[in-house]
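Single-structure report; data block below.
By written order: A, B, C and D. Residues from 1 in each chain.
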Amino acid sequence: MTDHADHFEMKIPAKAEYVGVVRLTVSGIASRAGYSYDDIEDMKIAVAEACTNVVNHAYKKTGYMLLSCVIREDRIQIIVADRGESTEVSSLLENIGPIDSSKPVSELKEGGLGLFLIDTLMDKVEISNESGVAIVMTKFLHRDGVEQHVDGIPTSADKQEQGQKQ
Amino acid sequence: MNLDIKTEHSKEEAILYIEGEVDAYTAPQLKEAIEPLTEKDGQLVTVDLTNVSYIDSTGLGIFVGALKSSEANNSKLRLVGLNQRVMRLFSITGLDEVIDIEEGKKEGTQ
Amino acid sequence: MTDHADHFEMKIPAKAEYVGVVRLTVSGIASRAGYSYDDIEDMKIAVAEACTNVVNHAYKKTGYMLLSCVIREDRIQIIVADRGESTEVSSLLENIGPIDSSKPVSELKEGGLGLFLIDTLMDKVEISNESGVAIVMTKFLHRDGVEQHVDGIPTSADKQEQGQKQ
Amino acid sequence: MNLDIKTEHSKEEAILYIEGEVDAYTAPQLKEAIEPLTEKDGQLVTVDLTNVSYIDSTGLGIFVGALKSSEANNSKLRLVGLNQRVMRLFSITGLDEVIDIEEGKKEGTQ
């Protein structure tokens, strides 16, 4: 693996109407990086969830969503960040999961699936909290249909099953 | 990036034909179209997703809300025509176990 | 007209393979801003020409294309800039024009149409030269098919004719 | 954002079917497909642009190059099937006055 990487950065007003623009951009970048249709669709959802969280939770008034992408030979890293004032977000990934179908319908929540989807659809997800929230999402590139297990990191197929069984 | 919604009423059934992408921007439009229908006692609300190419958690949340409303108001909600990608999201999130869903291209007739 | 504006910024490796990503992004932004199909297609070409120039002319080795878009109520301003070392670019717009069909085929040039297309397809074009080249392209928004002539600035229809007559 | 090129050879004619977007990234691929054909004495080279959705100056430049090569090598170049948007670019730049162009959806048969 070489050290070569292509870097992309983008700054967009944190408004729901522009989340679709970020999806378009990411699908273009991922397509150039050689990802399959399904992987690209997964990334579009993950990045849209992260952006929607910025729109809904990061700022009291207005602000920006900050997207950066790094393409490496075997992976793409997508970072969605904001400059909001949220703190203690590192535990966010601990309380996620699918719908609990044993609950009565009236107790189901309409939200709370965003981070769970991100975690399920991407290969590796980290959240950090410096000046605002940053969510770092990684998807590995499996060339020619060969599944790669690097350091025991599950492929997207594993992840999905894992998600369904939780 | 847009959403187009057409509503059709037959005897006891309301069918919504949804076309496009359901995300944080377009979801309010979907909510506005579905919710009033689910509030009618005895109503069958069929949502045809054949032409929905994209949906994310905000869109899924609208269907959870519609399900809750239909239960509270004694109406019935069903989703039909989901393509593989859209179906996959309902499975991953476990929503396929609480919402009445029909995959494939069948039209929503009783 | 209010002072409200939405700002977008993007930084992409200056490689031919990524010009299509910029086209996708700009088409998404312009679509959200309410432009017609034809206007969006015009903008895609103009922005691609500007990016292609960065790829071909700006850097000795590698560098970035810098895109920024400003959406205002009545116009979109698209700026494509680089951090190359080119100087004296302010006169570039003076030597542009269509193919001269009176010339023998063997003397036709294969290049040199990029800036001419930008100038023809956009409503207003300026080139500046600070730390690199920046090309500022403006397209007015004609809502409901009503043609607006602001300060005698020609609409795209006028521009196109003008281009063909040059 | 990609380009797909298929070549068909009949008696005296080579037909290229181009599909996709012709820009700075894909133009070299187009050049590689057209140029060798225009270098053959007496060859008629028909380029079918029916499925080209986008072209910019780099793509136009490839056709100028092909025209020059066909003149130098006594072959013939024609473009067919241009949609309105693509045709418009050939008109704006004046290329429609030097290149043999046929608009619309007609197939490239002699």
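Going forward, a residue touches a chain if its C-beta (ideal position, glycine included) is under 8 Å from a C-beta of that chain, and two chains touch if they have at least 3 such contacts.
Keep in mind that this is a model prediction, so the values were computed, not measured.
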>> When I count C-beta pairs in contact, which pair ends up with more: B-C or A-B?
In response: A-B
> Counting in whole Å, what is the centre-to-centre distance of chain A and chain C, each centre being its mean C-alpha position?
Replying inline: 32
>> Roughly how far is chain B from chain C, centre to centre by C-alpha average, rounded to an integer in Å?
In response: 42
>> I'd like to verify one number: the distance from the centre of chain B to the centre of chain D, where each centre is the average of its C-alpha atoms, in whole angstrom.
In response: 47
> Just curious, how far off is chain B from chain A if you go by their C-alpha centres, in Å?
Replying inline: 25
>> Can you list every residue of chain A that touches 2 or more other chains, as numbers and ranges?
In response: 17, 20-21, 24, 28, 32
> What parts of chain D, by residue number, touch at least two of the other chains?
Replying inline: 1
> Chain adjacency by touch: line, ring, star, complete or other shape?
Replying inline: other
> Which chains touch which?
Replying inline: A-B, A-C, A-D, B-C, C-D
>> Show me the residue ranges of chain B that touch chain C in the complex, using the header's touch definition.
In response: 1
> Inside the complex, what are the residues of chain C that reach chain B?
Replying inline: 28, 31-32
>> Which stretch or stretches of chain C touch chain D in the complex?
In response: 16-17, 19-21, 23-24, 38, 41, 44-45, 48-49, 52, 55-56, 98-101, 105-106, 108-111, 113-114, 116-117, 120-121, 160, 163-164
> Residues of chain C touching chain A in their complex?
Replying inline: 6-13, 15, 17-18, 20-21, 24-25, 27-29, 32
>> Residue numbers of chain D touching chain C in their complex, please.
In response: 1, 21, 23-25, 54, 56-58, 60-62, 64-65, 67-68, 71-72, 85, 89, 91-95, 97-98
